[in-house]
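The structure appears right after this line, and notes come after that.
Labels for the chains are A, B, C and D, by order of writing; each one numbers its residues from 1.
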Amino acid sequence: MSIPYSRTELLVAVIARLLEGCRHVTVGASSPIPGAAALLQKDLSGGAMRVTILGSNRYNAYTNGGVETFDMAAQGRIDAFFLGGGQIDGQGNINLVGTGSYPESEVRWPGSFGSAYVYYLVPKVILFREEHTRRVLVPKVDFISSPGVSAPGVYRPGGPYGLLTGLAWFSFDKQKRHFRLETVHPGHTVEEIRDQTGFEFDCPAQVPLTPAPEPEILALIRGRIRKQIAETYPRFASTFAN
Amino acid sequence: MSIPYSRTELLVAVIARLLEGCRHVTVGASSPIPGAAALLQKDLSGGAMRVTILGSNRYNAYTNGGVETFDMAAQGRIDAFFLGGGQIDGQGNINLVGTGSYPESEVRWPGSFGSAYVYYLVPKVILFREEHTRRVLVPKVDFISSPGVSAPGVYRPGGPYGLLTGLAWFSFDKQKRHFRLETVHPGHTVEEIRDQTGFEFDCPAQVPLTPAPEPEILALIRGRIRKQIAETYPRFASTFAN
Amino acid sequence: MNQQAICELAELAAAVPDGAKLAVAQDNCGVSMAATRELVRRGVRGLHLVCVPVSGLQAEILVGAGAVATLETSAITLGEFGPAHRFIDALRKKRIRILDSTCPAVHAALQAGQKGLPFIPLRGLIGSDVLANRKDWKVIDNPFSPGDPIALLPAINPDIALFHAPLADRSGNVYIGRRRELLTMAHAAKQTFVTVEAISEQDLFDDPKMAPGAVPAIYINRIAIAKQGAWPVGLPEHYGCDDAALSRYVNSAKTEDGFRRFLDEWLGEAAVTV
Amino acid sequence: MNQQAICELAELAAAVPDGAKLAVAQDNCGVSMAATRELVRRGVRGLHLVCVPVSGLQAEILVGAGAVATLETSAITLGEFGPAHRFIDALRKKRIRILDSTCPAVHAALQAGQKGLPFIPLRGLIGSDVLANRKDWKVIDNPFSPGDPIALLPAINPDIALFHAPLADRSGNVYIGRRRELLTMAHAAKQTFVTVEAISEQDLFDDPKMAPGAVPAIYINRIAIAKQGAWPVGLPEHYGCDDAALSRYVNSAKTEDGFRRFLDEWLGEAAVTV
């Protein structure tokens, strides 16, 4: 018997599982769901995992200014990070800049932030974008804020681990340079994923459902984690279960 | 009528005059006489001149660790600095490492400190060495901790302004790449300078005496300046007038 | 710092010349909206705005007011309040030159400026369109390890660094606490202008607990008091951002007319000084 | 930091392997003489000692005790107390390899290590015998400005950074105040070991005035309490250097026998711990 849960709660639980075994996870700006997930996994790890949340005061023990996140990534002290994108393509390229010709752009987004760096250096970069449509998941991005894979010889200890959307979880194969559908979230189907995805991806004959959060995980999310994430994202915390 | 003064007091007064017009003077470690001189000129400037004394707590407002001195030099924010040397030659090359073959060295000194950098970047570097002998002032240094002049094309906004010893003050001509005897300290002669200097230097027909410190300058040195320098160099301050 | 560092806000703004390379801080790190208003009021033009490493309302308003010729930034974002309409519109109408960057590149290039280096290498970047569009950046083969391409960025040395801080003292030292990018900005810039919430009568260097969080006076050229000087952006540990004002702004700025009406009203308000 | 960061001094010293690249702080900046004694006691060998950017008694004793294979430093000085006899003797007898440097080069190479850069450019140096003797450094033509030669230094990433600080907290954060080179060392090093005067029960990040002067726990691997842990070197704002002890040392160390007698006596003393 399962307890009803929201999509947000499912995503938090899924990401937390993906972070298992990390020593230090950093969560960038405007990332409430990854933030909650990181705090959840920190809790489950008994505190062995460290979490830094940019924009938080409580979960940010940096003392060297904004550059410290990037320096830490280069030092190998960040095991996992999250990136999104206005467009993401099947090779793992991400676009945070805009559509159409550059620089005038038909649609212009804020900009690349730190993506053109952390994507290269953090071993486990989880691409996270709730919207799962052909508008977002395109055959080829219009602007490469950061590439999914690099030419041989380019220093690249990091890169995409997988892509989580509101519909499914894909892993990324760096050798084959493409995504593989791993699980479909409850309530959705492989056909729906195919319809809504603009790029080719590997798809096994049987795709399991994304496991629902266990009751004790849901209780944690709704209790301690909700309180903890409220420090950085008060409005998000108040709409957690919607 | 002149008041009796010590050699230390003379040197402090001479250096203070050389610093006139500087906006910011930095004094390195183990440099009590330059330190006192910088504080004197700061006082005479009515506080318009800033002084940083490495090793002082009161006259050091740096907040970026040991690198800040060097970064400031590169930023053009230090107008004058002092360097010495176990050997100094007629081209302004300085040796803070040792004599004989390197690295075994017959006589080994501590090392080059920051000289291989600040000498290139600070516009007015005053070479200061009390001992004026052929042991120190040599035809050619055995090890170039930092060269007096650089090849064309080498980035070098800074360099030697002159050389002050216990016997005399020489200016340095960057074009001609050698020193010019400017003044001889009271009680010494041009012949003595020639005898004790191991390198060739320009010498005008008439070499004036180094002016004695004015009574009001002596009073300042013996009063306020002595108290101020005592914070960093207590033992030095107690032997000021010897 | 010269002896007259403490001045009126209008004097501070007047000392920013047209065409200056101006470095500004990111939201919640010390954004001087008070000085921004004075800059718009004085009609500054042709700025090369360097956002360290991103900006929000400050860049959006300066761009909207026609003050910016070149915008060097890793992002312009008003976050959850909505799109930066004036920024997007200016790009579309080719009113500004954009130098899209990435956060660590802005930081590294400023650190190169701080150290007086002509350039600094940086990992990442290769294969991105960020690099492809930065004709001022180069890729070389790592001289210590052939076959290892690496990007080189020229140093950024702003003419002026501008930010807002909680406190300054009478000597001209400014307290920034953990916001160390403000120190890097001040070191790298030729001049630094600061607005502050208050002036302390105690020298920051007289308190060993305050000194580590200070920018020394030698880097500071002008200081003006501006209470709530980051408003409507927040100043952490002092006040949060004004959500209602930011929402109102984004709503107004959807059209150029709406933005003009916003500007008229905003410039009409007196600056809060003491 | 692992959960067992706070440990005994002997454990800390035992965790420094033979052959480690060990970075140490300069005098009056946080020299861990307490850990140095434990290192000599455990008979550490083959260290590549990186002095940031110079050293005094600490390097002199480690060299004299035969612990050092390579010494990378801008100077070794005991200041007014006299020559560093064991250092000079080891050079003359070719017992150590010396990498003579210059202060800003040590700082810059560590900053490159901190930023994960493979190398960093630096002004100065060209035409000096410091550069001529550093086969690990290179000179290239500035790619942005042909005809402008500039030196490149490979990054320094110590295996272990070791220093002494006034305070740590139970979470493993360490207070360094204005001594920012200690932060750079910790960032650049793979591991950081610290001795402290005391452990505070209050978290340094709970006090906004203390946080800006802290090295976060994530960089700190081992902490041991060692009261007067810099002695006979000083710890500014806490205690000065012990002039008599330093004079006595220099006098003893004139000969190898004298140094051995000094060592026996020094190692015989119990470490001051709590």
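Odds and ends about this structure:
In this section, contacts are C-beta pairs under 8 Å (C-beta built on N, C-alpha and C of every residue); 3 or more make two chains touch, one makes a residue touch a chain.
These figures come from a predicted structure and were not determined experimentally.
With centres computed as the average of Cα coordinates, no chain lies farther from subunit B than A. Taking each chain's centre as the mean of its C-alpha atoms, subunit B lies 29 Å from subunit D. Our note on geometry: subunit C versus subunit D, Cα centroid distance of 37 Å, whole angstroms. Look at where the CA atoms of subunit A average out and do the same for subunit D: the two points lie 40 Å apart. Among the residues of subunit D, those touching two or more other chains are numbered 108, 111, 115-117, 122-123, 148, 150, 178, 180, 183, 211-213, 237.
Multi-chain contact residues of subunit A, defined as those touching 2 or more other chains: 62-64, 67, 70-71, 74, 121. Because contacts link the chains in a way that matches no line, ring, star or complete pattern, their graph is best described as other.
Touching pairs of chains, sorted by label, consist of A-C, A-D, B-C, B-D, C-D. Looking at the complex, you find that subunit D touches subunit B at residues 26, 28-29, 52-54, 73-77, 79-80, 84, 87-88, 91-92, 94, 98, 100-105, 107-108, 111, 122-133, 147-150, 178-184, 236-237. Across the complex, subunit A is touched by residues 3, 114-117, 173, 183, 187-188, 205, 211-219 of subunit D.
Interface of subunit D with subunit C (complex): residues 108, 111, 115-123, 138, 140, 142-145, 148, 150, 152, 154, 177-178, 180, 208-213, 237. Looking at the complex, you find that subunit B touches subunit C at residues 24, 47-48, 50, 61-64, 67, 70-77, 121. Interface of subunit B with subunit D (complex): residues 29-30, 55, 57, 62-67, 70, 74, 96-97, 102-105, 108, 110-121, 143-147, 150-151, 153-155, 235.
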